[in-house]
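Shared chain: subunit A. Partners: subunit B in the first complex, subunit C in the second.
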Partner chain A sequence: MAITSIKNLKEFSTSNDRFEGAHLLCPGCAHSMIVRELMNCTDDNLVIGSNTGCLEVSTAVYPYTSWDTSWIHIGFENAATAVTGAEAMHKARKRKGTLKDPDAPVKFVAFGGDGSTFDIGFQWLSGAMERGHDFTYICLDNENYANTGGQRSSATPIGATTSTAQAGTHSYGKKEKKKDIVSIMAAHGAPYVAQLAPNKWKSMAKGFQKALETEGPCFINTVSACTTEWKFDPKDTIHITDLATDSLMFPIYEIIDGHELNILYRPKNVLKVEDYLGAQGRYRHLFKPENKHVIEQIQSDIDKNWEMLQRREEARI
Partner chain B sequence: MAKEFELNEVEVWDGNYAASQALRQAQIDVVAAYPITPSTPIVEGYGAYVANGYVDGEFVMVESEHAAMSGCVGAAAAGGRVATATSSQGFALMTEVLYQASGMRLPIVLTVVNRALASPLNVRGDHSDMYLGRDSGWIQIDAFNAQEAYDLPLCAFRIGEHLDVRLPVMVHQDGFTTSHKAQNVYPLKDDVAYKFVGDYVPVDEMLDFTRPVTHGAQTEEDWHYEHKAKQHKAIMDSKTVIDEVFEDFKKLTGREYKRVETYMMEDAEVALVLLGSSVETAVLAAKQLREEEGIKVGVVAPRCFRPFPYDLVREALDVPTLKAVCCLDKSSPGGAMGALFNEVSAAAYTTSSRPMITNYIYGLGGRDFAMDEAKRIMKEQKAHADAGHITTNIQQFSGLRGPKLGFYETRRS
Partner chain C sequence: MSMTGSVPGTDNRGIRELGAEEKVGWDQVQQGVVLPSFEGDAADIAHQKAEERHYADFNSYTATVASWRVLKPVYNRDICIDCQNCWVWCPDTSIISRDKQMLGIDYDHCKGCGVCVEVCPTNPKSLLMFNEAEENEEALSEWPQKEKKAK
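And now, the complex of A and B:
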């Protein structure tokens, strides 16, 4: 097992750079931070698949590539299937002795945005998890279809405005709550499932390492703040992510073998969700008097969810 | 090491089982599949080989046909031999990935058991799915019976994996008529069949970590056009390799395949052009009609649907005696002439005799195409030949209940 030791952020961020800095992601996009953390937390060879989305269109535009590792993209929905097909091929060729270097350690990883994970690629992800392949799926969750200009996804939280669920005189934005993808993936019986955030980089790296080390299908939802569609200054990506984790809008936790829940980060001072919402343009309309009830509902949902996570952690079932 | 499967010199197999045996003998590394009528027995047959030690590779049962082809693409990019099977709606569901597989130049073999496309839902055989694949960039080879359903997948691996080709290949057979009809099949021994197919040679594989590769990049107006043109050239040029592989197969087995099969065309006055299991019906009908009524009928059957063998179809139709040709399409064309009519007309336009060409739509949803109807259509062609012009609508429907349907008329008289 070739796991990189975690010393300090500066050293870690350049320890094994297989993701080139020259790419087309927006300045301030958290995707590249998350991808780089994954690739730097192991020295093993990587076979990476990407669904169509921001990451894919920004890193593999012919004749260039940002990937100094094996990488494949097929379509919007099927990175999990592409990578698990490759994993099956690795097994077969290892058995038959046709690999060039049969002992080379290799990890299989698929990336998808929330569009391809929660929505259009949900079936392909579910199938790959059920089949028990040895791979890790990482969702870069920026809560909207950012690649196509910011439409709603089933990861978009209630109250956010997007181009297809707009706030206006008769609407406060999206009416529906965010899909609980972490619970759904845990319910597949996956040996390791987590929700992680790049501002808590040590827990993120440890979570990635745990997923890579764990045999079987692992799933990680990562919070990826989207400067363009959440509407904040590109320099504030980590600050916004701090507000997300410290308001418990994005609690950081893991679920082992589908039931053992561990909270990985407990804010010393839990912030009110207004602090998080108020820092982003997509929630600005919620601060009008007529939309106050939506903020109240979001806060109430956060409180209930945090209570549930803590109780599940205590219960150890 | 996979066990050898004991085979008799002649076996009684249906088209599905024949195809599954060919897949087994090719020692595929990964089969990712999802069952669908009427190709399910191919997948089930392969599953039985896996369960009993006849296969060393991985058998991945995915959750849909889209995922089946997606898994095949991922596996193929990882540098090994890959195949799967499907039909009809499953084929339609995997269509997105068919284009991706060919654009990524991955030599996957897909055995297609042809079946109608809904709606109305129908499990019987016609060529709707085969026609749906015709612009997908796959080589499409057509088996007319169970023996061919065994022989042609073996050839397909050789063709698609050839370094000058590197394209995916479909091998078609007709649903039920071929897939479920048991016939005598002469198989090769396992070692002989594998030797013919040969070891897989990886190209730009994702499991060679000394040389990282990016598969499935994006190109816009700057490079997309050049990529597609190069891909088109590869499939157009694949005819040379197809001919070579068929020639090698003939040397090994004595069974001869050509990109276009022709029957009694040397002196033909009228001809039928068609695909699939109906070819054997047409050939028998033509023989009988020659004996019974002295009408000189020939049959032309493109073995290769893609790349479409314009060269050999033209050669087959460039017969001085030939006056009238009927192209039979087993797929509802949705507001056009049948695809076979269009391709054959294009090929025939530059012949010196330039025969009259008509189009029949037939056999949709498994409607039987019997000898009497084949003969009736042949005699109708003879009537065109005698009159010197097309005496009916150019497009008609064969074996249809209710009012007769006909479209488009000739201006030649």
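And now, the complex of A and C:
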């Protein structure tokens, strides 16, 4: 694979962008930061599929497309299916010798939001992982259905207010915990599964390159801060993501072959989760006295999860 | 920017009038649309800089979202250290970097989110937000001085 050098940002910046501006994502949206980084970290031809979601509706508004590579959108749930189908066809045509340029390296990538990954496309994604196609699935996790007005998804964390799980006098927002998608995907025995964040650009670029290089189905969950539904100022996208990774709300780690866990980022000063929650409008109600117990629960969940990750890393099983 | 005949109802600025296209019956609607991003062969796009490519009118590179901005980032070459933080985190591909050097801002595609200003590490910052109506020269003339770090 032709790899773009990511030794430092200066070298990385010589990569030619293949994701064009004038897409209609909100100002400050982390989706496009992640997509740009993926497309910049390789020189290979890319075949990309997108599930319905913010990314798809904003980057292909007729008569415009923001993609400089092959890109397909079909349904809400089946980017994984479409891309693995393209991968199977590519393999078959290579075998039959009907490709125009059989030696040109091609990578297959599917993008989905958290709604289409955790909920609607879960079965299709699981099937694609099980069939063992050579592709990479990247989930842009903004923890709600941001495209349709911020409904709850199974990626929404406990305590967040959404348009269908609203905080008020009788409720503190969503009452259920977030699905642990990374462990679920690792349990498929996938060769490379990771959770990455755009504020740590180097670990993210390294993770993307590893996933693209690895043969077989790879899954990456990326944190995509949503300025509209998380309710923060667009300029603060990277700051909020910093808070997310430093409070360990989103630990950055990878799981190789379903068992070998490596933590990729250990914050020097671990922040209290209040710092992360307090920076966003969707958690404002948790700071009322009657809701304090939710913050305590979130903090204890984070501590337990971090302990579990560290012990799994030590155990190497 | 000029639009080809395949995109109907565009005025001379290339902006398409909604609803101006010819209406067709439900059974004549084309199922699925393919939009070519480039004119001609696009096999080696990864090794071509934006100015070397032949963008098709369908590519959003030929469109603009400049009207979204209220504030705009202004770039000060004298202070910049070419760290490329703004390049890696710009969500709108609007930081023009060539050969490890930051050249400026693509005002056609910048939405004025301000992420580039937040991630700029220099003191004073080499990117700052100014009112969209203000001239860049004027903005550069009122650039703030170096701030002393509070100890």
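We adopt the following convention: the second predicted complex is superposed on the first by the 310 of 317 C-alpha atoms of A that agree within 3 Å, B and C clash if a C-alpha of one lies under 4 Å from a C-alpha of the other, contacts with A are read in each partner's own complex, and residues count from 1 in each chain.
We take it that contacts are C-beta pairs under 8 Å (C-beta built on N, C-alpha and C of every residue); 3 or more make two chains touch, one makes a residue touch a chain.
Note that this is a predicted model, so its numbers are computed, not measured.
Peer 1: Output check: A:E130 vs subunit B and subunit C. Expected answer is one of first, second, both, neither. What do you get?
Peer 2: A:E130 sits against subunit B, while subunit C stays out of touch.
Peer 1: Could you say whether A:A60 touches subunit B, subunit C, both of them, or neither, answering first, second, both or neither?
Peer 2: A:A60 sits against subunit B and subunit C alike.
Peer 1: Between subunit B (first) and subunit C (second), which does A:D101 come into contact with in this model arrangement: first, second, both, or neither?
Peer 2: both
Peer 1: Look at A:H293 in the shared chain and tell me whether it touches subunit B only, subunit C only, both, or neither; answer first, second, both or neither.
Peer 2: It touches nothing on subunit B or subunit C.
Peer 1: With the two structures laid over each other on chain A, which partner does A:D68 touch: subunit B (first), subunit C (second), both, or neither?
Peer 2: Both subunit B and subunit C are touched by A:D68.
Peer 1: Quick check on the superposed pair: does A:T14 touch subunit B, subunit C, both, or neither? Answer first, second, both or neither.
Peer 2: A:T14 sits against subunit C, while subunit B stays out of touch.
Peer 1: I'd like to know which partner A:T84 touches here: subunit B for first, subunit C for second, both or neither.
Peer 2: first
Peer 1: So subunit A touches subunit B in one structure and subunit C in the other; where do those two contact lists coincide?
Peer 2: Touching subunit B and subunit C on subunit A: residues 45, 60, 62-63, 65, 67-69, 101, 104.
Peer 1: Please give the residue numbers of subunit C that touch subunit A in the complex, ascending.
Peer 2: Residues 6-7, 16, 33, 35, 37-38, 42-43, 45-50, 53, 57-65, 68, 82-85, 87-94, 97, 99-100, 106, 108-115, 117-119.
Peer 1: What does subunit A use to touch subunit C in their complex?
Peer 2: Interface residues on the subunit A side: 2, 9-14, 16-25, 27-33, 36-37, 42-45, 59-60, 62-69, 101, 104, 198, 201, 227, 233-239.
Peer 1: With touch defined as at the start, can you tell me which subunit A residues reach subunit B in the complex?
Peer 2: For subunit A paired with subunit B, touching residues are 45, 47, 49, 56-57, 60-63, 65, 67-75, 77-78, 81-86, 88-93, 95-96, 98-101, 104, 106, 123-124, 126-127, 130-131.
Peer 1: For the complex, which residues does subunit B have touching subunit A?
Peer 2: So the residues of subunit B in touch with subunit A come to 29-30, 32, 56-58, 60-64, 66-67, 70-80, 82, 96-97, 100, 104, 200, 202, 206-210, 212-220, 223, 227.
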